Amino acid sequence: MKTLRPSPITPTVDFDKPGVQHGFLRLPYSRDDSAWGSVMIPLTVVKNGSGPTALLTGGNHGDEYEGPIALFDLARTLDPKDVSGTVIIVPAMNYPAFRAGTRTSPIDKGNMNRSFPGRPDGTVTEKIADYFQRELLPRADIVLDFHSGGKTLDFVPFCAAHILPDKRQEEQAFAAVKAFSAPFSMRMLEIDAVGMYDTAAEEMGKIFVTTELGGGGTSRAETVRIAKRGTLNVLRHAGIVGGAVESQPTQWLDMPSGDCFSFAEDEGMIEPLVDLGEAVEAGQVVARIHPIGRTGQAPAEIKAKLSGILTARHFPGLVKPGDCAAVVAVLVD
Amino acid sequence: MKTLRPSPITPTVDFDKPGVQHGFLRLPYSRDDSAWGSVMIPLTVVKNGSGPTALLTGGNHGDEYEGPIALFDLARTLDPKDVSGTVIIVPAMNYPAFRAGTRTSPIDKGNMNRSFPGRPDGTVTEKIADYFQRELLPRADIVLDFHSGGKTLDFVPFCAAHILPDKRQEEQAFAAVKAFSAPFSMRMLEIDAVGMYDTAAEEMGKIFVTTELGGGGTSRAETVRIAKRGTLNVLRHAGIVGGAVESQPTQWLDMPSGDCFSFAEDEGMIEPLVDLGEAVEAGQVVARIHPIGRTGQAPAEIKAKLSGILTARHFPGLVKPGDCAAVVAVLVD
Amino acid sequence: MKTLRPSPITPTVDFDKPGVQHGFLRLPYSRDDSAWGSVMIPLTVVKNGSGPTALLTGGNHGDEYEGPIALFDLARTLDPKDVSGTVIIVPAMNYPAFRAGTRTSPIDKGNMNRSFPGRPDGTVTEKIADYFQRELLPRADIVLDFHSGGKTLDFVPFCAAHILPDKRQEEQAFAAVKAFSAPFSMRMLEIDAVGMYDTAAEEMGKIFVTTELGGGGTSRAETVRIAKRGTLNVLRHAGIVGGAVESQPTQWLDMPSGDCFSFAEDEGMIEPLVDLGEAVEAGQVVARIHPIGRTGQAPAEIKAKLSGILTARHFPGLVKPGDCAAVVAVLVD
Amino acid sequence: MKTLRPSPITPTVDFDKPGVQHGFLRLPYSRDDSAWGSVMIPLTVVKNGSGPTALLTGGNHGDEYEGPIALFDLARTLDPKDVSGTVIIVPAMNYPAFRAGTRTSPIDKGNMNRSFPGRPDGTVTEKIADYFQRELLPRADIVLDFHSGGKTLDFVPFCAAHILPDKRQEEQAFAAVKAFSAPFSMRMLEIDAVGMYDTAAEEMGKIFVTTELGGGGTSRAETVRIAKRGTLNVLRHAGIVGGAVESQPTQWLDMPSGDCFSFAEDEGMIEPLVDLGEAVEAGQVVARIHPIGRTGQAPAEIKAKLSGILTARHFPGLVKPGDCAAVVAVLVD
Amino acid sequence: MKTLRPSPITPTVDFDKPGVQHGFLRLPYSRDDSAWGSVMIPLTVVKNGSGPTALLTGGNHGDEYEGPIALFDLARTLDPKDVSGTVIIVPAMNYPAFRAGTRTSPIDKGNMNRSFPGRPDGTVTEKIADYFQRELLPRADIVLDFHSGGKTLDFVPFCAAHILPDKRQEEQAFAAVKAFSAPFSMRMLEIDAVGMYDTAAEEMGKIFVTTELGGGGTSRAETVRIAKRGTLNVLRHAGIVGGAVESQPTQWLDMPSGDCFSFAEDEGMIEPLVDLGEAVEAGQVVARIHPIGRTGQAPAEIKAKLSGILTARHFPGLVKPGDCAAVVAVLVD
Amino acid sequence: MKTLRPSPITPTVDFDKPGVQHGFLRLPYSRDDSAWGSVMIPLTVVKNGSGPTALLTGGNHGDEYEGPIALFDLARTLDPKDVSGTVIIVPAMNYPAFRAGTRTSPIDKGNMNRSFPGRPDGTVTEKIADYFQRELLPRADIVLDFHSGGKTLDFVPFCAAHILPDKRQEEQAFAAVKAFSAPFSMRMLEIDAVGMYDTAAEEMGKIFVTTELGGGGTSRAETVRIAKRGTLNVLRHAGIVGGAVESQPTQWLDMPSGDCFSFAEDEGMIEPLVDLGEAVEAGQVVARIHPIGRTGQAPAEIKAKLSGILTARHFPGLVKPGDCAAVVAVLVD
C-alpha cells in the first residue's frame, strides 16, 4: 500500500487541549479569486477528562439543516464541565456546499458521501474526506452524522444504522439509534456502500449512527427539537454527557429491497396522492406526473411496489425522468 | 389616453365556441435560440350555454403548484355537459417561469403580479399581462387566481379576498372565499396594490378570489385536495357547475398592519422555534439566525410584533438580510 | 414632439471627406469590466464626386454571414476612383451581437431590427439604432441591408423589398431587387413592421432593399458569391459604381398571408421530409417532431397550409413549442 | 488485471426476451437538483429467433441528428416478424449531450468517443461507456454507429470503416460499408484511436461501421433518407432483416495523411471559397479568414495541402485559432 | 409635472432623532430566491444640535474602496458630542454592487451615477437613486461623494468639484475641495452630466464635492489616510465638526477637453510606458498594445494628445477596443 | 515505470533550426464549440550557433503581466545575430488562462504550477505541463519563469530561487538571481513543492530562476522595465547574449517560516494600514477587516507575526475567510 502525502489541512485547534476551542480546519485552495486562498471549515472541540470521543457532523450534504442547527447550537452552549471525554463538532463537513446551500460542493460538484476515503491531492471535497478518514475518524469512538432530505427529497424523521457483518458493532449502533429516540428508527441494508462516510467509519470499527430528519432544504421547529434531543441522548448514552437518556417512543422501519423505490420515467409536474407517514398498499398509485406542454393530456402514474408507509418523496413540484418519486418502508413490530 | 397597439398574442382557440378546446396563447418571441420562436401558453376553454364566465389561473408565480395541479386536472376532466357558462383555464400564466420552476420569468425576471396592466410592446411578461388585461379579464365575471408560498415562503392554507372600496363587490368576493372552504380564510388589506393582477381585476369590477395554499416549491396531497375542492366550490357557488358547495369549516384571519411582518437583518442559518399554525405572543422569539462563519457565536433573534398565529415563514435553511422571516396573522371570531 | 438629446456616438471618420476612410463609430459603454469603455463599430466611407449615397449594412442580426463577408471584402477593395457618390459600409450594425455570433446583443438582448427608431439614452442596441435613424439613414439615397437565416433558420437565397403605400418608392425598390439578381426575389407584405430598420428607412422615403441568403449560422461559397455580385449590381444600378448590372435569372416569390408559416406545438427532434426549394402541396406533411424522452412514441406532424415551395425551415436538430418549423412561399409568374 | 465493480446502470428491458421492448438504461446520478436522480437512456430491443445481433447507435456526439432520427424511427416501426436475430437500438448514447444538443455531456464535458473503455466509478459519460464496453458490445456481432459533423463541422455524406490489422475483419467491415450505400464511402486510417468506441468494438473483433452524413447541428431530408436506407441495408446485409440490399452507387475516398487537414491560425470570420464535394488542387486557397476588429485589413488564407475533393469544413461563421478549417480527401478509383 | 408614487424604501432610523443611529434603508425586492426579500442598505445618522447637514456617500460604484473604508470607520467612531448638526453616512450607496465588488449592480447592471433622478417604480438602482433624489439630498447642505478608479481604472489621488453656472455655488464647492486637502485637486467641466448624482445635487443648489483616490479595485494605506483626513476636513470646513482643517499642499489640475482621453482601438495586452503622476508631452507614446494571438507582431501605440501629467490609466493587463487607455490632465498654477 | 503515450501537442516550429521562428504549440482540444478545435500556444525560437539553451516563460498564471510583456517584446526584437545558443520563449504557458485574464485555465480550472509533471491524456493544463516536462525542459540549461501577484495579490518586486539539496545547483541559481538585479532578491524554502514547474526543472538539475514583480492583474512601467532588464541580464549572465550584466543594487529577503503569512478568518472589506515595502514589527496590526452588513461594528485585526517588511498583501477591496491578507519577509544583510 502506497504512503499518502500528508493532508494539506491545518487545524487551528489542538485536539488534545482541555476546555472549549472554536476554530477552523484551514484547507489551502488557490483559485482565480484568491491566489493564496483557503477553505475555512468551522469546528469546535470540547474536552474534559479522559472519557470516550464523539465525532458529531452535519452538512455532509450542504442543503440539510437539522444537523447543522443542532450542532452550531451545541458548539456554542456545551459546557466542558458537563463533559467526560471529548466532543468534536463539525457542523458543516462539506462547508463549501453548506455555504452555497447545495447538496454538493460548488467548487468541484463533490458529493461528500461518495468521496471517501478521499485523497490528499484530490479535489477540495476529497481533501476534506481524507482529513476525516485519516485524522478525525481515528480519534472517535462514536460518530453521529446528520442527514435530512435536502432540497429535493423529504423524509419522515428517523434515526438509522446499518446491518453490519460484525454483529456486536451492529448491536452497539442500534442501541445508539434507540437512544436517539426519533419518531422512526430504521434498519438499513446498504446496497452500494462505496465511498460513504458511513462505510469509512464502520470499517474502522466505530459506532456509526445517522439520520434523515425531514427535507426540502428547510427545517421545522419540531424536527430541530428531534435533532437536539437526539444529539444529547447519544452523548448521554455514550457516557460523555451525564444524566439519563430522554427516551421517546419510536416506530422501527425496514427497507428490505430495491422495490422500496419508485422512479419517474416522465417529465412534468408531480401531484402527490399520499403524504409522508401515510399507509400505502402495494400497487397503489401514490403520485401522478402531469405533462405540462399542453392541457388535456393524461398524467403518468407512480405506483408503490410494496405495502408499508410513505417514508420519502420527491420534493420539488417539477419532476424529471429518473428522479426517485416515492420510497415505501415496511413497518417492523 | 393613447391607443395601444394590438396584442402580439394569438390564441389557437375560439373563446366563443361551445365544447372543450385545448390550445395555446402563442406569443412571438424572437431570440438567439429561435429567430422566429414563440412562447406557447397552454389554455383550455370549456363552454356550454349562456351562464357566467370564470377565469381560473395558476402559475402567476412559477414555483407554486397547488393551483397548476388542480387546473391541469380540471382542464382534462371538466365535461361541458356539467357546465353552464364558460370556464377559461390558464394553469400557468407566467408559463416561462412555470417551466423553469421559478417565481419570475427566466426571460426577463418579470414578476407577473407586479406587471399589470402590462404593455403590448414590453417584455414577455408584460405582453402576457397586457393580454389578460385587455382580452381575458374583460370576458370574466369571476376570477380565481391560485398562489402558494413558492420556493422561499410557506403558508398555512388559506383563501383570501381584499378589502375594497365597493362594499358590494367586496361582499361578493368574501362569499366566494367562504365557498372555497379552505382551512383558513383571510381578509387582506393590500398596502401596495400597484401592478397586481388582483388590482387589475378588481378595478374592472370583477369578483376576485385568491389563495395561499402551502409553499416551499412543492405541494402535498392535502393541499392539492384543498385546491381541487375549492375550485369546484367556487364554480358551484358561481352557478357555472351544478350541485351544492361542499362546505368545510374555516378559521378567519386578519393581517391588520405592517407589524404582521418580521424581517431578517442578518445573514445566516435560520432556526425555526415555532411551526406554521401555532400560536405566538407579541414579543416572542419565533426564530433565530445563526452566523455560519464560525462556531461559538450568538444567534440573532426574530420576534413576533403581534399576538396571533404563525401564518407564513421563510422557507430555505439559509437566510439573507431583508428576507421576511415570519408573518403573524390575527384570529378573527 | 420632444427634442432628443444628441447621440452619444462619435464617428472617427468624416462623412464628407473624399477618398477611403476606415474607422469606427465609438459608443461609450461603462460597465463592470471597463469603467470608461466603448463599443467600437467598424465602418468604411468611400467617397468620390457628387453622386448618390448608398448605405450598405450587414450584421443587423449578429449570426448572419453573407452580408458581413461581402461588405468587409468590399470595404477593403472598393477603389474611390470607381465610385461616383458615397458608399457608407457598416458590415456589422449590431456589432456586439456580431462579435458574439448571436442574433441579439449579448449586452442587452436587443434585436436590432425591432429597436428602431432607437433612443440616445436607451440600451446599447437602442443607441446604435438611434444613430442610424438620425445620422446615417438621412444621408442615404439607397439602403441595402443583408440578412440570412441565422443559427436557427435556413432560407432559399432571395433578395426582397416591401409592398409600400408609395407605389413609386415601391417600384424603385423592386427595380433594385431585380438588379441584385438573386436566384429568388420576394415581394414582402410586412404584417408587423413596428421597430424595423426597413420601416425606418422606408418612412424616410429611401429605397430599401434586403435579403435572406441562406442561414444556419454559416455561409457557403455559392451564397457569398450571390451577396458580392448583388452588392455591386445594386451600386451599379444606383449609378454609384460604373458598368452594367451583371444580370441573372430570378424566380419571383410571394408570401400572401400568415398561412405561409407552420409552427411547432411540440418539443423534440425535428425530421425534415422536404428540403429547401422543393415543391410542397397544401396539407402535405413537411416535417415530423419525434419525442425524445422514450422510444416507441409517434411523432407529431408539421403540415404545409399552402402549395408552393419550401422557402425557409427550422435549422437546429431539436425544436421547441412555438418555433417556426417551415415557411412556404408561392411562385409568382 | 483488477476486477471492476459492477456497472451502476440498470436496464429496464430483458435483452433475452423475444418481441419489442421499449425501455431505459437507468444510471443513478445524484446531484444538487435531484439527490436520488438518474439519467434515463432510452433503448429498444427487437428480438426474434436466433440470428445475429446488431447494435445500432446514434448520439455518440449529442449534436448529430441523422442517426438519432433514423433510429428513433426504426425503434418505433421495426416489426419483430421481420427480424431474425436481435436488434439493440440506442438512438442517443450520450443522452445528456443529446438532450442538450451539444457534442459533449453538459454534466461532465465528456466526449463519449474518447471515453472508452470507461469506468464504473467514473463520470456519467465514463459510466455509459463502461456499460457499452462490458454489457452491450459483447452481445453484438455487428455495430453501426452514426455520426455527422455536429454544430461545428459539415461533411459530404459517407459511410466508413477502418483499416485494421485483421484483414478478414476489415474486409467484413468494408462489405458492410458497401451495403450501406452512402454517396461516398471512406477508408479511414485512424491516427489516434485511443478512447474511441470504434476501437473498443474492433478490439473485440466486431464488425464496426460508422458514418459522417452531414453536419451543422441539423439534418436534411436527403441525408435522413441516406441514414434510413443505410440502416436497413446493413441489417439486410447481416441477414437480420430479410430482402435484398437496396444498392446505390458510391464514390470511394481515402484520407492518406495529416495533410488532409488545414487548421486556422487566426481569429475572425471565415469566407468559404469552395463548397463541399467540389474539387480542389493542392495549394489552392479554399477559405479566407477576415479580421473583424476593423475594416480595411487583409484576410488570412487557408490552403489545401492535397488535391482531392472538399470533404469537410468548419461550419460556424466565426473561426478561432486552432479550428480545423477544411478537410480534403483523395478520390479512389 | 406628474406626481410620483412614494418611494418603496423604508428607513429603520429617524433622521430627526439626536444621537447615533445605525440602521438600514429597506428596499423590498421580490425575486426567485426570496419572494418577500429586501435590499438592506446600511446607514448611520449622527445628530447633535441644530447645525448644517452633511451627506457622506461611498460605493456609488461598488468596486471603489477608499470612501467606504473611511465612512464605515467614521460611522463607528463619530461621537455626537463632537458634532454640531447632522451627519448622514451611507458608506455604500449602490449596496448590491458593493457586496458584489462590481461597478454596477448585479441585479440590474445599473450604474448608480447614470441613474438619477431615479424612479420609485424602476429598477433597484433607480429606486435607490430616487430615494436620494427625493429624501436624502433635500436634507443636505453639503454632499461628499467618494469615488476611486474601480477595478478597471487607476487615478492619481484628487478631490474635485465642477465648473457651475452659479459661481457662488462653484466657489463654495472649490473651497470645500481645498479643505479636503488631497495631493491633487481637480476643476472638472462635465461634458455629459445627464443622470449623475453630482448633477442632481448641484441642481438643488447643494455644495457637492467628489474624489478619485486611486483604483484597481483595491486601496492603499496612503489613499485611505487621504480619505479619512479629507472627510474630517470637509466636516470641519462646514462647521459640523469642531477644530481647524488639517491642511496639506495640493496641486491643482484641469481637464480642458476631450483631448485628455486616449482610447484603445485594438485588443491585446497593454504595456504602460509612463506611470501615474509622471509628466508626458503631447504626441508621446504612453502605452503600447501587444497582439496576443502570435509572437512577432508589432504593438499598437497609444499617444498623449496633450502635455501634462498622466492622471488616470487603464488598469487590467488586457485591453479591449474602446477602453480608455490613458488620461492626461494639465497642471494649473 | 510505465511508458507514457506521446504528447498530443504538435509544434509548428523546428527547435533545431537556426534563425528566428514564430509559431505555435498546437494542442488538439475537441469541444462543443469546435469539434476538431485546438489550443494554439504561441512560441518563438531564436537560435544561433552552439551555446546553451534558455527557456523563458510567462503566463504560468494567466493574470500576471510583467513576464508576458517582456517576453512578447523580446520575441519580436531579439536578433539571432546577438545570440550564441538558443532562446525558447513561451510568453504565456497557460495560454487559455492568459487569454481569459485568469490565474487558472477557464477550460479545466487547472493551476499550471500545481500540474507538473502533467499527463499526455489528462486535462488541457496537464497536457501542456507534460509537454514542458518531457519536451521543453530537457532542452534547457537555464529556465526563467515569470510570476507576479495576479489579480488577488500584490508583491514588492523580487527575483528568487530555491534553497536546494544540491548546493552547486543552488549557488548557480542564486548567481542568476543576482544577475537579474531586481530591487529585492528572495531566498525561498518551498514548504510544499509538489506539482510545481520549479520543482520539475530543479529535479532535472536545471538552473531555475523565478520572480514576483508586482500584481493586482496589472503592470507598471517601472515593473516592466525591471522584467525587461532582468531577462537580458539573465541571458547575458548565461553567455547567450553578449555584453555585461547591467547590475543594480538589490535587497536580499528571507521567508523563514509559516509565520510570514497572516490569514483572514473573517469576511468583509479590508483596510490596509501598512503599504508594501514598509517596515512592520511582530504583533503590529497591518490591516483591518470591516464587517459590511451593518454600520457600527468593530473591525477584525490582522497582525504581523514577524518583524520585517510587508512583502505581499491581499489586493481586492473585499476579503474572504482563508485569504492570505499579508506576508512579511525578513531583511537579510
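To keep things simple, chains are lettered A, B, C, D, E and F as they appear, and every chain counts its residues starting from 1.
Criterion: a contact is a pair of C-beta atoms (placed from the backbone, for glycine too) under 8 Å apart; a residue touches a chain by one contact, two chains touch by 3 or more.
Here is each chain with its UniProt name: A, B, C, D, E, F = N-alpha-acetyl diaminobutyric acid deacetylase DoeB.
Values in this document were obtained by computation on a predicted structure and should not be read as measured data.
Asks: If every chain is reduced to the average of its C-alpha atoms, which one ends up farthest from subunit E?
Replies: In terms of C-alpha centroids, the chain at the greatest distance from subunit E is D.
Asks: Counting residue numbers used by both copies over all numbers at the interface, does the subunit C-subunit E contact come out same (over half shared) or different (under half)?
Replies: different
Asks: Using the average of all C-alpha atoms in each chain as its centre, how far is it in Å between subunit A and subunit E?
Replies: 49
Asks: Rounded to the nearest whole Å, what is the centre-to-centre distance of subunit E and subunit F, using the mean of the C-alpha atoms as each centre?
Replies: 35
Asks: Whole-Å distance, subunit B centre to subunit C centre, using C-alpha means?
Replies: About 43 Å separates the centre of subunit B from that of subunit C.
Asks: Name the residues of subunit A that each touch 2 or more other chains.
Replies: Residues 24, 40, 63, 265, 293-294, 316, 321 of subunit A touch two or more partner chains.
Asks: Answer with line, ring, star, complete or other to describe the graph linking chains that touch.
Replies: other
Asks: Would you mind giving me the full set of chain pairs in touch?
Replies: A-B, A-C, A-D, A-F, B-C, B-E, B-F, C-D, C-E, D-E, D-F, E-F
Asks: Enumerate the contact residues on subunit B facing subunit E in the complex.
Replies: Where subunit B meets subunit E, its residues are 61, 63, 102-104, 109, 111, 114, 149-153, 192, 194-195, 261, 263, 265, 316, 320-324.
Asks: Residues of subunit E touching subunit F in their complex?
Replies: Contact set of subunit E toward subunit F: 20, 22, 24, 40, 42-44, 63-65, 68-69, 72-73, 75-76, 89, 91-92, 98-99, 101, 154, 216-222, 224, 269, 271-275, 278, 290, 292-299, 315-318.
Asks: Can you check the complex and tell me which residues of subunit C touch subunit A?
Replies: Touching subunit A from subunit C are residues 265-267, 293-294, 321.
Asks: Would you pull the subunit F residues touching subunit D in the complex into a rising list?
Replies: 5, 8, 24, 26-27, 29-40, 121
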